[in-house]
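Below, each structure is written out as structure tokens.
Both of the next two complexes hold subunit A, though its partner changes from subunit B to subunit C.
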Partner chain A sequence: MKKFDYFQPETLKDAYSLIEKSNGSYIYIAGGTDLIANIKNRLIQPDALISLRRIKEISGITQNKDLTLGSMTLLRDIEKDSHIGQNYPALAQAVKILATPQIRNVATIGGNLCNSAPSADCAPPLLVLEASVTLEGPGGQRSIAIEDFFMGPGQTCMNMSEILTRIRITPPGENTGMAFLKVGRVSTDIAIVNAAACLTMEKNVCRKCRLSVGAVAPVPLRLRSVEKMIEGQEISPELLNRAGKMVEEEVKPITDVRSTSGYRRIMSGVLIKRAIEEAIRRMEQNK
Partner chain B sequence: MTEYSYIGTEAPRPDAPDKAAGKALYIHDLVRPGMLYGKIKFSEYAHARIKHIDTSKAEKLPGVHAVITGYNTPEIRIGFIRDNFALKKDKVRQFRDEVAAVAAIDPDIAEEAVDLIKVEYEELPSVFTPEDALKEGASLVHEVDTRGRPKSDNVVPVPWKFVAGDVQKAKQEAAFIAEDHFQTPLIQQSCLGTAGSIAEFDLNNNLLIHAKTQIPFLAQNDFNRALAAMGLKGKNTRVIVPAIGGSFGTGLDTHSYEYISILLAYKTGRPVKIVFNREEEFTALSPRQPPKSHIIQGCDKDGKLTFREIRMILDNGAYTSWGATTPSVMMLPISSLYRVPNVFYETKIVYTNNTYCQAMRGYGNPQGTWPIESNMDQLAEAAGIDPYEFRMINSNIPNETSPMGLKISTCGLKECLKTVAEKLDWEEKHGKGRSKARGVGMASLLHVGGGARVYRSDGTGIIMKLDDFGNVSVITGGVEMGQGFDASLTLASAEALGVTPDKINIISGDTATCPWDVGTHASRGAFTACNAAIMAADKAREKIFHLASEHFMRRVQSKLKKQKKKDPDFEIPDLDYERMFDPSEFDMKENYIFLKGEPDNPLLRVTLEEILRAAHYKEQGTMIATEAFYDPPNENIDPRTSRGNISATYSFGTQGAEVEVDLETGKVKVLQFVAAHDVGKVINKQTIMGQIYGGVVMGIGYALSEEYKTEKGKNLNPNFLDYKILSAPDVDFPIHAECIETNDEKGPFGAKGVGEPGLVPTAPAIANAVYDAIGIRIRDLPITPEKVLAALKEKKD
Partner chain C sequence: MKKIIDFTLNGREVSAEVESHKMLLQVLRDTFQLTGTKDGCGQGECGACTVLVDGISINSCLYPAFEVDGKSVTTIEGLVGEGNKLHPIQEAFVENGGIQCGFCTPGMIMSAKALLDENPDPTDEELKKGISGNLCRCTGYVQIVDSIRKAAKSLK
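Here is the complex of A and B:
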């Protein structure tokens, strides 16, 4: 492993000034569960790491009108938060089965997003919840929809000096149910496919549908055409089958050491169907 | 039935607290004064000629003490047929070939130095499947054999063949026949503790090596041979085995990295440590061989097996380890699992440019049992007989010699089968769950349970040394590698000697101080060491009782006098003092020596430590240290006839699974698992349960998820991110482990070996359950959701 310097600034401003001095050879580090592995595997060789761990303002969970998650919030803290468990079960479930307890004790939600793996488990729930993320840098701050954040495997819309500081979620309205599902080879695994659904129902008719599937394209996908097809319809087995087929056509999975593109394609359809069913069941349970 | 004080109890493992608390010292924890860190430069090709190695830059790097290659060190030949070299010259035959190595003051510098070594190669055509390797004109992995004679093909000169009866005739006469092809993938042993060694020389050029090995004394022999090759003939090796985090067969051979640490230590005059990281553990250690089997079995109209024919082809990889002898163990189930009179078995082992293979838990038995037990279900179906009934009809029975010459003494197979059928509710469930995609399946095993005469000796030594305080050092040649060896030996020693288990200290893992042993393998650890412990304990008891005849009376008299002093009303009883001079009148239990028949009178018993001190602190005194060497009554397999009673007794078992298949995802979910094992006798209940649970979970991983994937000889998943073993959350179903006690007279207290059996029949039990659930027969492991889904689709079309 190449040696590197390590900084622990306590304010965003200090972090920016460090990175601006570095000419692109420094990078930010959150929990480090992916980043350190990448350094060890020599995929990246930074001269220095700037840890965001001591910057208090970007950590923690607050619920006012919206739910705000500091980017440095540990996955373990999200998992343990009863309010999130109650009101955002798709996110709670994604975090609960993400890697192992040891990893969740150091990994952060911001890190999971900034790593920008197509299989990031936090992405599908945030996509169906239509979360927004705040990016801050020396040049100021901007807020963008999570959907516009991912650009490709390991690539986001952020520039080198920007920091993802907050994730904001507006609570979904009444009669809404949501679910997150994942297929792995064993219990503790990177997703072969993961998926989330969030549906607002009026009796049997779906008023609003948000669907997302991960690990089957260069970025986690929102499935807009499938959503449109479902909205205004009664949820029936036929509709679900049609949705499943549509999903299979929308995804662009690859074959790798973990799975095949064919299997991933079929699974994305199956998971979306099941996620919709689960979301509706949860909504009915909450009534 | 004999009443035991400790045998069969749930005594906690003596090594557990230190291991759980992180205090046990593994090779990774050890630091020797002045120690350097070694690192190996591996090949970048599967098959290539080495044109030039430039080490100049590495040598100049500050902190580097030595850079070695095959060109500047003595040639050290290694391996089962000595076709391998510690460092490679001229050409590389697999990706993991060691072309150079460095020793440096820290691991980072060592790594940097390895990167600075530049090797020029000329790539050669490669062979990656045994079939391709056998083709006319295939590229030769080895151009010459170990004697330097030119080779004309890629066949490893270790053929295995077994013939009994007349299979051709039986084929013609059989009422029902089932035939199929099966295969298993490369499997990595997945030890939590990776491999490593620290070598160092004293100023007399004797070698001290801390090594992760299961065969310290055979390793001593291997290393002494290396010393001779280095011009140090007559010098000796002392092997010390630190705590081991799982070995599973990886420690049955000595490895290049160990010899490289020796060469580096000799060159630098410093201790040199080489420890593999996880990626190296995957890519530079040897996985379990992947055989392809063609099986045909037949039975008569009543369902009695009449013949079994198996032809197997094994991918050896580029060099030959002791793993090439695993077909001798595959021969056991092939010739003798269930009663079958006519057997034909032949296997061909073939060199390829893949990573070379090695033994793993089960020593070939899991690969042998996979086709047999999958095909047993197929034959039962062809014959229209329930698979459980079919197995009962053909079950082995006690006191019978099999066609291979295995003298089956006790045999609890029928009871194991019955237990599994009952626990799974077989009658209610088998063949009835298809509408819910649920099914049950079972498979059995036969394995060596009384040692295994693989080498000329199957012996093990024990020394029992007693101290002033009644503590007993049980010094053994066996190795604790996580399996619970110390725990079973503790209870057996305590029971045999008559002391409490807390008095027992197991000392192991040092060739200089421990008695000789052939190796901890073949499920022989507890069987052989506990038998040796009983022998050593008998000798110790004889000595103790002899000392008691000298000292007992005086100690008793002084006790009585003391009592009288305390209590004037106490009347000194009229005792038979004659008995106290007769060693044969004594017995010992729970650290107390007493006259036979009077264990409970506190005035008439003396502690072991009192007697020992009395023996030590007198003129012309004595001490107690006894030794025993146990070599089981078993035979080598005759290489000409492939016959021989390889083990003193045999372990049997049946495992059963209930599964549910998700028809949309293809995922096989285990709902419950039953493992019924003929263990002879439970020595330590906690340890044996650990062995069975651990075996089952490892077996289910082998069945459902584990696969060492390669592309053109290169491992694609050298980490636990992509090599999927099961972890605790995957075991969300009950495992009913049942120990059937058949009390074998050869076994210590009746016990048989159980280290390996837990994973032997697991995969076919699950595959048979999958077939029962959805009517699909998976023939190549692992049973992944992709394969199940593809087969379901094919079935539908």
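Here is the complex of A and C:
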């Protein structure tokens, strides 16, 4: 492995000033579960890593009007948070089956997003919850919708010195149910396909529908046209089949070591149907 | 870049000068000669390198050594009690055929320790999830699960 320096700043300011000096040869590290493996595999060769672990203000879970997750919050802590388990079960489920206990004990939610893998398990739940992310840099801070954050495999809209500091979710309100589903080769593996749904119902009629699939396009997808088709309709088996077919047409999967594009295409439709059913079941249970 | 890191290793205060690109795994094996912790895939996949940092299981192959400064690390060598007496989890692995070649065993036992410390009475499902980050090439897992189940009983 190439040698690198390692800095452990305690404030955001100190982190920016280190990265600004480096001309793009330094990189931030959170839990390191993606980054260190990438360095070992020579996919990147930074001169130094700037650890975000000691910057206290970007870690932790708070619920005021909105739910705020510091980007350095460990997946482990999200998994164990009973408030999130109760009120944001799609996110809780995604984290619960993400990787292994040892990885969840060090990996962060910010790292999962910033790594920008099309298969990132935290992405579909945050997309259907319409989360926003706060990016902070030497030039100030900006807040953007999570949907605008991912640009392609390994690429986000952040510039080199920016840090993802917080993720904000507005509670979805009454009569809402949500679910996250994933198919992988084994339970701890990266997803072949993952999907999330969040539906607000009025009796049998869907008032608001948010859908997302991952690992089937260059970025995790929001399925706007399918959502539109479902809103205002009664959920029936025919409607679900139509939704599944639409999803199959919308995705652009590839074939890789984990699966073929054909299987991914079919499973993305299947998972969305199941996620919608599961979301409605959860909502009814909570009544 | 080098730095002196101070941490607690298996209950003893230690300090070592380490290079900034080293992972905890290398420091344990090369600097402290604690070769019980195994170097398997080096990528977070196999769990052979599992140790506890502040009581929580981690893959030491992905854990930058600078980050253990001020923390407490427990390796398989730290489980042995007075007079070289095996820890009840180790004993259960020996007695129930939880070990064949032994390469996965230190990591497996550290994951079992982390699991039982947090949840002394796991269901079979919880137990299997607890070791889902540890691969074993030999046993087929049945004896490992059995060993941990018996260890849980004897620890009560």
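Throughout what follows, the second predicted complex is superposed on the first by the 287 of 287 C-alpha atoms of A that agree within 3 Å, B and C clash if a C-alpha of one lies under 4 Å from a C-alpha of the other, contacts with A are read in each partner's own complex, and residues count from 1 in each chain.
As a working rule, contacts are C-beta pairs under 8 Å (C-beta built on N, C-alpha and C of every residue); 3 or more make two chains touch, one makes a residue touch a chain.
Bear in mind the structure is a predicted one, so any value in this text is a computation, not a measurement.
*Asks:* Looking at A:270 after the superposition, I want to know if it touches subunit B, subunit C, both of them or none. Which is it: first, second, both, neither?
*Replies:* Once the two structures are laid over each other on A, A:270 reaches subunit B alone.
*Asks:* Touching A:188 in the superposition: subunit B (first), subunit C (second), both, neither?
*Replies:* both
*Asks:* What is the contact status of A:49 with respect to subunit B (first) and subunit C (second): first, second, both, or neither?
*Replies:* second
*Asks:* With both structures placed on chain A, which of the two partners, subunit B or subunit C, ends up touching more residues of subunit A?
*Replies:* C
*Asks:* For A:62, is the partner it touches subunit B (first), subunit C (second), both, or none of the two (neither)?
*Replies:* neither
*Asks:* Now for A:86: first (subunit B), second (subunit C), both, or neither, which partner does it touch?
*Replies:* neither
*Asks:* Between subunit B (first) and subunit C (second), which, if any, makes contact with A:257: first, second, both or neither?
*Replies:* Once the two structures are laid over each other on A, A:257 reaches subunit B alone.
*Asks:* Which holds for A:32: it touches subunit B only (first), subunit C only (second), both, or neither?
*Replies:* Second partner only.
*Asks:* So, does A:8 touch the first partner subunit B, the second partner subunit C, both, or neither?
*Replies:* It touches subunit C, and subunit B stays clear.
*Asks:* Considering only the touch criterion stated at the top, classify A:102 as touching first (subunit B), second (subunit C), both, or neither.
*Replies:* After superposition on chain A, A:102 lies in contact with subunit C alone.
*Asks:* Go through subunit A and flag every residue that touches subunit B in one model and subunit C in the other.
*Replies:* In subunit A, positions 1, 3, 187-188 sit in both the subunit B and subunit C interfaces.
*Asks:* Which positions of subunit A touch subunit B when the two form their complex?
*Replies:* 1, 3, 183, 185-190, 257-260, 262-263, 266-267, 270
*Asks:* Once bound in the complex, which stretches of subunit B touch subunit A?
*Replies:* 108, 111, 664-667, 705, 709, 716-717, 721-722, 724-727, 729-730, 732, 784-786, 789
*Asks:* Taking the touch rule as given, give the residues of subunit A at its contact with subunit C in the complex, in rising order.
*Replies:* Residues of subunit A touching subunit C: 1-6, 8, 29, 32-33, 36-37, 40-41, 48-49, 51, 53, 76, 99-103, 105-106, 187-188.
*Asks:* How about subunit C: which of its residues touch subunit A in the complex?
*Replies:* Answer in residue numbers: 1, 19-21, 23, 42-44, 47, 50, 56-59, 61-64, 66-67, 111, 114-115, 129-130, 132-134.
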